[in-house]
Structure formats: structure tokens, C-alpha cells
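A, B, C, D, E and F label the chains in the order they appear, each numbered from 1.
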């Protein structure tokens, strides 16, 4: 049981009007299973990779729903624990212009918030190739924070590559509270992914985009530092390299942007697992674009489709 | 601002698969606004009565959804307060035979649980004709319990008729915890409605159905004691009367049984407001039957439709 | 262009909640094309018969919708005229117990109400085997009434079999107004179909069901008189015969009862066209039952399916 | 019972395919309650303003549907009268390029067409801050025309601000018939809103957009004259001012453009009620843009959302 | 990799109108993954058993759909092979009375028909506790027939319990062709399940139900012979025992009867795996009843729900 | 029975997710009837032309579905033959960017593949004004190929105009196999329509678009040669003319692009039938654009709508 990627995080259920109706009035809702690390695992498993997701789910029908959803992708859910309690939910209104997307969290006190040290799959962790945890997990509770750190540090000590996406969520905690915690997480990681906005907001990094990337890499000391820039694509920098790699975005259809960042991470890690680090930014941006066209938090695809998107790349003309 | 009925309770949002699919797998969900006292107010307002509902709602889009839903019926929502926090939800799987109906509550820590004494509409309460609170409200939190008692007692002292439906919910509290609380509530009320099962479970009342009714009336000292018996109809007994009134059920379509008990209460109070106490049991059973045919927690009807159902009554042949 | 059946009547558009929601609240509605004679033509065409429907439709998209719907069955719509004006509509709430079915007509001033004598297909009429017009058509306007009579009498004079279903609609006219008009129509017809209730209400026919049938046949002098009795099946009597034929109903699923009477007529006429008059009552009841299982005003079937239903007949045990 | 806004107009039921299917073929339809003045009231009530809508509705389930819909917004419907008769309907096909939007009215002879002088709420009218009636109301029938004029003139005499949106509908009357009637209405009003096209078509106003506005203001003598220019935004001019205020449009999503003009009016009157006349054009354009993103004739929003849209305004860069 | 149950069979995609509309007219269809052995594996995996399904799927998106569906249940799909070709489909019209259920197969030349000996998981087969193959598999092609026999015989020789459900399908082959093939299959099996009708049709077994069971057991020599009798429940007989065990049916809701037989098999095998052979008939009938209430070919449940249904058993009163 | 257009080809059933969900996961599917020649007939019949479609359909419910669909347009289906066998189907995923549209054919061995010479309507063929067959028909089977050639040649010999759209489908046959067959078809035709890509791929035609058109016309010797260029509009050239006519595209909404080419052909033939050859390219492009806005394979319109689109033409500004 040696996984290519092992991840730790929360599962959520998204409720969203099944039409363009407003949350106040809609009669029918889609229910989607999601969660930052879960989404990344789901996409990687769709691509045929051997991944495992660890969490604590409520021992009720909603917990079983999460397992059922993730299993369909082929991901291993045998490490998941269950406990009495609730599943976090969130409500989303799509937000067509001039409305903005409206997100209402109802995720406090979910079962994973009381995760215990002994719940964690320490052996599997040390045997994995990559350990992934996002910056949302330490925001949930003291218990998830401590465990996220310990898992990251244990993994690293065992020679496992540690990856993180800072994923600052201003509705979960303030920038002031988040900055030192996320910095500690980033310092534990070999691969750090962050949005340009988060790096500027949390750490006051300034200057051109390339400078932000370089300064963040220096600050965290991570082997790879990736800055995602929304509709502007992304840049990456590696330790010891002066060169900043830049990629423009792929064309997108704005069906559902939730989970696009997790799609990016999946694409980046997928390329890393295949030894295509030099193209990891492209793989990430391609999956992020694909996610925009697929309803729900998770992303179903195949290696062949991903390669087709990469091959059909017409971004040159728009850069 | 003198209402015919003023009620106090919680609002909930029900989420239920929009098909016969299982909760684990369904993609689309209906979202219904409900709550015992809210449902009763909604039906009474549909019938043209002047009712007001009091509660504390979250100051977010889900709170506004509750107000919007209840306002459509014509009920007065101007007494409702708002506060930061969450709206309780619950998940329901319809449960066609041989499945049983599956209910999963996620209603802890809702905004009404922290209601304050000064939130309550004391003047409107004393000016109402009937005050209604179910036995669910005192089960929610110490604050709702204390306020429910104080409102019932204040109303009674002001000459307002107090009505309650015991509505024991085993998923909210144990029978042992509930029995004394609900007894205190029943003793404060002029009209007490309860299911036969609850009276037997909570208070060990035994014997024939009529005996259960008589003993409950004696125990609580309420002017009117109504026992509902599911598909067997119901019985009622009045203080000082030896006679137990009995009614059989109306024919039902099992579209959605949630809220049928609240429909019964609405019908019973409607007849009471019209001075038709002797037919209140029939009115209650007719609305309970009608509710079974209508999706959602609440019941839309008209006085004309209610009279048609009562007139078309073919229950005699089945008694 | 010699048709087996030619019919004259109104087209309507039914609007009905697409769920069990109430008309006051439903968000989605089914839109169904219907009309007594149209429904009968549709079913006969589905069974492979050569039928034509005559009417006056509005020259707008709703008029085209009616043509499109009827053409799909294979019926000939080339005799239909168009004119400026509106299409009649009606709103239906299904009415699960204890609700009754709720029908709200909005059909006044539809284009067919101003039909002119010269619109009618006189040559095709005289060449048809059967002319069919229901008792609804003369209720719509003076123009439809006069034309219905003239077409029936012209057909008869040309040796065409005239068939009618009295179809009294209390929301269109009073029993007092309808009785003489429908009697004149019945006296013009060779085949008269009526419900037991209508015969009793309109003409005060009394006694057992068989007596009602015999007396109606004598009164109208029609060659064949059929009495339909809802869930009790039907009876028929022929001129000069003492014997009343009786048939019990087929089992039904109550998906949509609208158009069941028109299905009966279609089945009865289908058997008549095939020369199976002695089984016409069975064919009629089989199609009426089938219609109950099919949503919409019209009925799609095949000769093979109809024979299967007739062959599988298990009504004996329930008679 | 002193309302901020009191309006008089017709209610309609819109029927529109629930998909991109054509009206001729669609199986499912949305049913939306609308009407120019009703839509404006609905939006103002959503924004927390105290508004009342006056009309005559059919005393049937569709009439109740209109009341139920409008009550949900918080608007006062207690002034509405009912009478026997029908509710106007209209059919809409969305009309994606290269199709144009297709609208088929079926609104003749609706109950409001026979409104009587004594139905009108004269006392409430004189106590309101603003009276609003659109140019559609006088197009419906002689009775609505006379009452619209009398209400506008009575309001004005009582010091109530009178507002109108000319809203010329070529399917209801010709430009020749409409021009003098709408001119009389405009001359009775303090705030006149009109599209640039209508002003040019009805009154032959020529020149630049600013000139059209100035000439219309001079012609009608209204205190405020607003010209809306579709995707070009709008301009306004005040009596005695040389300066024409201009605003560009907000970004829109073309989900449903029906009711956008009524949204504009609501926004304009909202700002007026708040004493922000100088920004009324922006408020109007913001609500018109928001309406484009919301299905149905009516618009649900909050003051906070409206301010967010105004604050996020990026129109400068596109002007 | 030692499975409790290993099964071999075909996957199919069912297409069924999403409403009560006819196949000729319906616009929307449900698409359900099914197949006799797949359904049995799905239910057993839902119950927490360790099962594997073997087949050959097309290497296209429909093949991936089958894998995704089955994986969600927790079943092991790692033994499945893929090949170029097509997935079998079938069309179903639900068939409310008086319609019968209409099934149209389009399953010829599916990929599994060309399964090769070397595709089969021989090692896993010999290590399993139970091997399950239905009588449909040998009906598909010579290749599936030969492999089904060889797998059954290999399993038996290795001490694996072999189970089969004869599942005669008259649309796939004639009774004359099927009888000897299914007899050979039954003789290879330790547990043989068959409907009473099939046993009478294929082998001319006569007499009372108990006699049919005894004679079938004698004929096949199977350790356990189970006869299912539709709405009459079922009987079972064991080798060497005179006693026939009988069970009545559980109450059912007729939502979707497809797959009820496979649910029975799953329940029977589940009880067998738990060592509750004496109650296997009850477990089978409970799952068959549960399947009737769940849309789709497959059945999601939990051990707790199954026990609840068994405990709530009220069949005694109806026997 | 002299038709304006008679066509020969296959019918297909398209299955496509009813949402943006992926084929692997979608629960609901649209089912659309289509086929290149069928689509063209459907559009022409909607425009009021007298057209007939010839094919061989399975004698089952899916075959009846095809007839029912096509009849609704007004096309004559009386020439269609039936036989035992299957209807071809295909699966489509819409393919929002960056996904490409995914098409999975399952159309082998459909009933039309075994069409016999004696099935064809030789007399009707010789009496028609135009015979239309696309290049898909000869790709299906040897029988369809031989019959397509014989029908084209027979029609031509009888003075019937022969039209074809080459419609090369790389999933049905290779360019090498297709080129000579399609060339023979083109040489039999008076009107040849082809995409620019197909002409370049199949016949190595090079140079500017106009040159491709001229060379194709010379190669095939057809009276009219039309080259469609997707989002670039199209060009046409007539025998003996040096002048190449060019038209830009109409604006489109990308609801459903399937069948747009068949819409083009319908528009081109419609103009030809009306004697407006000089505007045939515009009519074709207008219908192709309209088809993009309509879900399904077929296109419902009216002559008035088509003229409106042509009149509103704003393509000049974009050329």
C-alpha cells in the first residue's frame, strides 16, 4: 500500500441552485461533494494515479455519500475514519454579472475538526511519494492544524515530497491569523502553490509577478514555488534558479469555477509524478481550465483528454 | 396589531432528494422551509387568518429565504429578529416501503437557540387571541425553553388562549428529559394536542384510546385535550365533560407526510377561531389529510377548499 | 381524400404543474395539446386509421404547435383553417386525494368560435365513413353550434355515419341550456356516447343503468347508444335490440385521467371501422384505461398493444 | 398606512419554455408573475421600501398566485380588488441569436380592464410619497386609462410625486393612438422615464441623445426626464438645468431581459426615496443590469447587494 | 486478493424515459448501469462485502462509466479487461397498468461476447469464497458460454462455492436452446436460484411449489435450491433434507422492479457469507423488496438498513 | 405524389447529457432524432415545402419514434420501409472549451444497411424536383452505396436535380476509401456542397478558398459547387461562371451545432426551389446559424422567421 499521493483534509457538501434562480427563491439544488484535498485526489485518480485521501467523516448517510463519490474516481478511501458528528456544508449562488459569486459557509464543528493523532495513517504517509495538504486544513481547528503540521514534518523526514496550496480563506480566518500558520506550512513543503493575491495580502510581497514568485520562494525556501494568477495564467520558480517560468491560461467556459485551483494542483502533481516537472505549470493550467467546464467540485477526465488539451494549445496567439 | 394567533418557534430548511433516489446518490434536492409553529402559521394565513410568527433568524440569505417563504402566505413576519449564526437544516429520504422515512437533523446551534428575553414581542403576545408553541421549541436550548415557558405563562395571565402540540422528538432529547418539560408546557396550555404514542411513552398512560385522552386531560388540567392517532384519526375531550369526541381520518395520498401534524393544529385552531369548537377535530383531520397531498413542509389552501373536503366527507362508510 | 373519420372541434392547450405542487406555487408547467375531437383523432391515427381533424386555429406559434402535435400522430391536418385570434387554454391541478381535480378554463373567444360556413370541408365530409363531433363543440359559440348541426345533418344525408359524445361541461353552459342542444345533436347521430351522470342530469332518466341506456336510445332514436360509467365500465344498446351489452372496466393507473373519455370514443370507433361492433365497448374501455397511464391529453399506442391489453383481460374475476 | 410608493397596473403571467426549445415544441414552461408596476413594486419591497400595488385580479387560483408572489417580496397587497374574469398571459421565446425574442400577448379582457373608479384606494393614494403608473396601464382599456389619469392628477394635487415610464408597446396600440395619451400622462408626472426610441418614434424628437432628453423635458414640463438607451446606459435632465447627466451601462449577463426597464425604474425611485437624486441614474442602471441576470419578471435583491454593484463599478474604463 | 465473491457477466446501459411518457415521445431518459452479476456485486459491496466483478468492457467513455458506477459501491473492478467494441444497451418503458413493461434489447455484439480464456482471472477465481455467474452469461455468445462453464468447474474443483441464478431470458434464446445449457450450469453449482416459472417452462416440473423445488434439487443435485415466486415470496430446499423452507414476500413499492432478482441473490449470498444460511431466504426477499423502491438497476443499502427491514417484518399477518 | 424534394438516408438517435455533466457521470440524457437527409427534410417541411424522406427503419418503438418526429414537421414518411433490426445511435458530449465535442457512434448494422433495391420509391423519385443524398449514406454499407448511386443516376436521367453534401465522416471510413466514392457521387450531382476542409483533405485541393471552389467545380463538373467554411461563411461557384460568390456567416449562439450543415443544405435547397438561386448561399447560412440556437438535430422555423433573419442581416459590418 504505497500511494503516489496521500492527502489530508476536509470534505464538504456544496448546495447550489440548479438554475440561475437566487438562493432565496430556488426550489431545486445541486448537491456536490468537494473539499480542496479531496478534489485534488479525485482528479489524480481519474488520471489513473494511485492516491489516498485521509479525513474523518460523520458516520451517517452524508459521510457515506462522500465515500461513494470519491470511490467512483478510483481513489483509495480505506484510510478514512468516521465519528459521530456533522458534515460541513456550503451554499453557493453562481453569480452571473453583475452579481458576484455568493458563498455561505456552514462548516463549523465538522467531524474532521476533532481528528485525533491516532486517526492518522502514519505508515502509509511515510510510504507515499507525495503528501498533500492545503492551507484550509490548518484553518479548521487546533486539532487539524497540529496534525497537518505533524504529518507534513513526518513526511518530509521520511523523504516524502510535501506539497501545499496556501488557499487563504478570509471567511475562515483573518490574514493576520493565517500568515504565520501558512508560512510554517509553506516552510515544511517542497512544492508551494499560492495565488498572487494571497502572497501580496499575507506577506506584503510587492513588485512584478516574477518578483513576487522569487521573493516567496526565498522566504519559504521551498524547492518549487508556483504563483497562480487567475485569468493571467501562472509562473513558477525553482530553488537555485534565476529563471521564472511563465504560462498563459487556457481558454475557459465559465460553467463552474469552484475547484479550479484544486484542478491546477492535480495537474501540477500529475506532471511531477510523471517526471515532467518542466511542463507542470502547463498541466496545472490545462486542468484548471478543464474544471471550469465541468459542474461540481470534482473533475473527471482521462490522460488522453489532458494531452489533447495540451496539444491543441492555442495560447501562444493570446499571450 | 392584534393577531388572532401568535407563535414562537424555530425555522428549518429541509433538503430532500427530488426523486426516489437515495440520499447517498441523489443529484438534485428540494429545499423546503419548515418548522412546527411556522407551518401552523402558514396554513392559518392561507386560510385568511391574521397570524404572526416570532423567531430569531440568521441575518443571511437563508434567513431571508425563510421570511420570503412565510410572507407569501400572508403571515406577519415583522416580529422576527435576526442575529449572526446559522439556520438549522435537516435531510429527509422519503422512504417508500420497505424503506422507512430517514431523517437526519443538522440543527444544533441555530440562531433561535440564543434568543434573548428582550427579543420577544411581549405587547403583541398579550394582545393576541391565541399563543401557540410546540414542544419542539423547549427542546432546542435553555434559552428557548425559558422563553417558551415565560411567553406561555404571560399569555395565559393576559387572558390569551395558549395552545401546544407536545411533539416529542426522540432525536432531540430523551423521553426522560422531555417528560417533565412537556408536562410543564401542557399545564400552561388551554389546548393540548399530542399523539397517542407520545402520551403512552412519556407518561405511561394506558388503556383504551379514550382513557388515554381522559387521563391526559386530568393530568394536565387543560380545557381541551386532543389525541391524534395517525391513520386512525383522533379523539378529543374537554374539561368537565365525560364525553370523548372521536373522528376517523380523511383519505390521504402519501406525497409528503412532513407537516401533517402542524396541518392538524392549524385546522383545529382555525375552527376554534371561527367558534366551531365542536368540529375542530374534523377541521384538523381534514387539513392533516390535505397536507399529505402537498409537497413541502407548509400547506397552501383556501377556506373554500377546506369546506369542500369537509363536505365531501365519506369517512362514515369507513368507520 | 376519402377519410375513415373526419372530426370537427376546438383545440386547447392544457397547462398543469409539472409536479404535485399547487397551481398557486408551481414553477414548472407541462403544456399539452388537447381537445375532445382532436384527442379522438390522435388516438385513431396512432392506430393507423386515416383520420382528418377540422378546426380554425390562430395563425400564430400556438396554432402551429397544435398542428405539429397532431401531425405527429399521422392525422391529416390539411383541412384546418387559420385566422387571427387566440387559442383556448385551461389550467389543471391534478388533485390527489383529498384534493379534487381543479380545472380553470380560459377558452373564451378562441378562433374556432368564429368559424364560418365556408371554412368547412364539405366535400371531404360527404366522402368520409364517419363524422365525429362532441357535445362540447356546440357549447362554444353560435357559429360552432350551427356548423356542428349542419355538418352532422349533411353527413347523415350523404350516408356518412355520425358519431357523438355528449360530453356535457357544466362550466361552459347550464344543464338547461345544454339539454335541448345536445338532444338535437344526439338525434342527428347514429352512435351516441354519454356518461350515465349526464343522461340522468340532462334528461332526468332514471332507474337501473340498463334502463337509462334503453330510454336514451329510445329518446334519441340512435342506432347505437353507449353509456359510460367511469370506474364501473359501460353498457351499450342497439336499436331494435332488447339486449344491453355490459363490460367492466380495465385496471387503471391514475397518471392522467384527462382524455380518457376521448380514448373511449377512439376505441369504440376503431372497432366499428374494423367491423367489430360487438366488441366496440371493450375496445373503448381498453383505450380509456390505457389513457389513464399516459400523461397528456392525447394517447399514443399501436394496434398490437391494444390487442395485448384486450387479450390480457382479467376483468372477469372482478366483475 | 402611508406608503412610500403606490402603483397601479396590470398583473400578467408569463409562460416561457424552460429550455432553449422552441415555443412550438417545448414540453416544460416556466410560469412567471409580472407586470410593469408590479415588477417595480417587487424590487422596491426587496430593497426594504414600503410599497403598495393596486390592481383588480381575477378571484381564482391565478389571482391568488399573483398575490402570493408579490407578498413574498414584502409589498402590501391589501389594496388589491378581485372580480370574476381572467388573468392576462403572455408567451415568450427567449430568442438566442440569430432568433429575436418572440412575445405573444394573450392579455385582452383581463379583470383590470373593467376597473371601477370606486375600486381605487383614494386615501392611500393621497397619503403616499410617490405614485407610479406606466404607460402600459392607459393602453389596456378606457377604464384603466381614465383611472390612471385621475389617479395621477389626484396624486399631484395632493402633493404626491408622480412618476411614469412611458413604456410604449406597439402590440397594444399604434404610435398614433399612443402619442397623445402618453403625452397627457407625461404632463401629469414629475418624473418621466422613456426609452430613446420611444421618444423619437412617438414625438419625432431628433438630434443627439442629449437634445432628445432636453426637448422631451421641455415638451412635458416634467421636473425630471430620464432617457434610457439600452446597452448605451442613460441620460437625465432636470427642469431648469442645462446640464445633462450621462451614465454608461453596467455589465450584464443575458439570462432574462424581461423586466429590466422596471428594474431601472425601481432603482431610480429607490435613490429618489433615499434623497440621492444625483445618483438615481446609476441606481437605475445597476438594477436594470442585475435584472438581466435573474430569471423571471421580478427582481430579488438587498440594499447591500445594490451598493456592492455600485461600488464595484468598472464602467469608467468602458465609457 | 482473496475475495468473498467473484462474479462474471455483462454490463448493460439501460435507457428509460425519465417520466411516464412513452418511449416514442419522451424527451428525457435516465441512463442506468446494470447487468445481473454486476447488480449482485454492487449490492454486496454496499453491504460491506469484499467482491470483484469480471467482464470485458469497451475501451470508451461508456466502458469507463460502468467502472465508475461499480467502483462507487466499493466493489473491486481491477479484474475487468477492456477491448474495442460496444456496450450493450436496453430500452425500458416502465409500463403502468394496463400497459405491460416494455423492454427492447440492443445488446448484440457487445465486447464481452468476444471474451478470451486468457482474460479470466484464474488465480483470483480459485482464491474466492463464492463464484457467481447467472444464466444470462452463457446466453450471450459461445465464448461467454464456454468461459462460464470453465470458470464454474474450475472454481468448484478448487473448493469455491459456485452460485447461479438461472435467469432464463426468452428474448435471448429459446427455451429449447436454453434448457440443456442452464442444466449444465445448474449441475456445476452449489447454490441454484430460479423462478418457479422458469423451472416449469424449461424442465416441465409440475405439482405444488414445494414439489417443484424438490424435483429441481434432485435433478441438479445442488446443495441448495431456491425457487423465487415473485409476489408470493420463495421456497428453498437443501440436499438431503425433506423440509422445504418457505417465506412470504416483504411489502414493496413499485418504483423500479428491474434488478429485484439480483437483489435477491445478493441478499441470499450475504446471509451465506455471514453463516446465516437458515435465514438466507429472508435476506434475499428483503433485498428484493428494497430494490423495488430504488430507481436504477443497482441497489445501495447498509447492513443496518437490511437488519431493520428484517426486524420490522410484518409478513406473518399476510401469510 | 410529386414531391419538391425526395431524400434517402439513415435515421439516428442522439443521446446527450441533459446538462453540462460528462458522459461518464450524467444521469439524464436528451434523446434526439436525426440523420443528415432527415434533418434537411425536416427543415424544408417546416418551411412549408413538400418533401419526402426514404429509409428503412426498425419495426420497433424506436423506428416509430423516428416516424413520429419527422411527421410532426409535415414531411411525407409514407415511402419509408421497415424491417427487423436496430436503429443506429450516437452519444454526444457537448464539449465546452477547453473540452472538444465528443462523439461516440454506435450505428453499425442498422436496418438501412440492408436496404434492398426493391425498397426504393422509383416512381416518386422520377417525379420529384430534387433528389438529395449526402455522402454519409454511401459510407454505411455496400447496399446503401449501390442504391445511393442508382437513385442519383436514375433521378438525373429523369431530369430531376440531384443535390449532395459530401459530409466526409472520418469515423465511418478513411479518406482514401471515401475519396473515389464521394467523387462518383459528386459527379452524379447538379448541386454539390462540401466543407473546405473536406475538399482539401480528400482531393488535395490547394490555394485560396475561391480556387478550391473553382477546382472542385471543374473536377466534379457540377452545375453548382458550394464550399462551406464554418465560422467564415461560404462561397459558391456556378458552371461556366468565373465569378465566385462569397457570404459571411450570420451571428450564432452555440446551443447545439449538430445539424448546422444540414440546415445549410435545407436553406440552399429552399432558395433553389423558390427560384432564388442567387441568394441560396445566404439562405443556407441563415438556416445554419439558426440551427446553432436550437437544441436537437432538427430545425423548426417558418418562412417569415427566415426572412426576418435575412433582413436583419448585420454581417456587412463584420466582413
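Note that in this section a contact is a pair of C-beta atoms (placed from the backbone, for glycine too) under 8 Å apart; a residue touches a chain by one contact, two chains touch by 3 or more.
Predicted model only: the values in this text are computed from it and were never measured.
Undergrad: When contacts are scored as defined above, which chain pair ends up with more C-beta pairs, B-D or E-F?
TA: Counting C-beta pairs in contact for B-D and E-F gives the edge to E-F.
Undergrad: Round to the nearest whole Å and give the separation of the Cα centres of subunit C and subunit D.
TA: The answer is 45 Å.
Undergrad: Could you work out how far the Cα centre of subunit D sits from that of subunit E, in whole Å?
TA: 63
Undergrad: Can you give the whole-Å distance between the Cα centres of subunit D and subunit F?
TA: 46
Undergrad: Out of subunit A, which residues touch more than one other chain, so two or more?
TA: Only 22, 24-25, 27, 64, 68, 300 qualify.
Undergrad: Looking at which chains touch which, would you call it a line, ring, star, complete or other?
TA: Graph shape, chains as nodes and touching pairs as edges: none of the named types, so other.
Undergrad: Which chains touch, pair by pair?
TA: The set of touching chain pairs is A-B, A-D, A-E, A-F, B-C, B-D, B-E, C-D, C-E, C-F, D-F, E-F.
Undergrad: Would you mind writing out the residues of subunit B in touch with subunit C in their complex?
TA: Against subunit C, subunit B makes touches at 250-253, 255-256, 286, 289-290, 293-296, 300, 305, 308-309, 312.
Undergrad: Enumerate the contact residues on subunit B facing subunit D in the complex.
TA: 64, 68-69, 71-74, 300, 302
Undergrad: For subunit C, which residues are in contact with subunit B within the complex?
TA: Checking each residue of subunit C against subunit B gives 19-22, 24-25, 96-100.
Undergrad: Could you pull out which subunit D residues touch subunit C in their complex?
TA: Touch residues, subunit D against subunit C: 15, 18, 22-31, 60-62, 64-65, 68, 86, 89, 91, 93, 102, 104, 106, 108-109.
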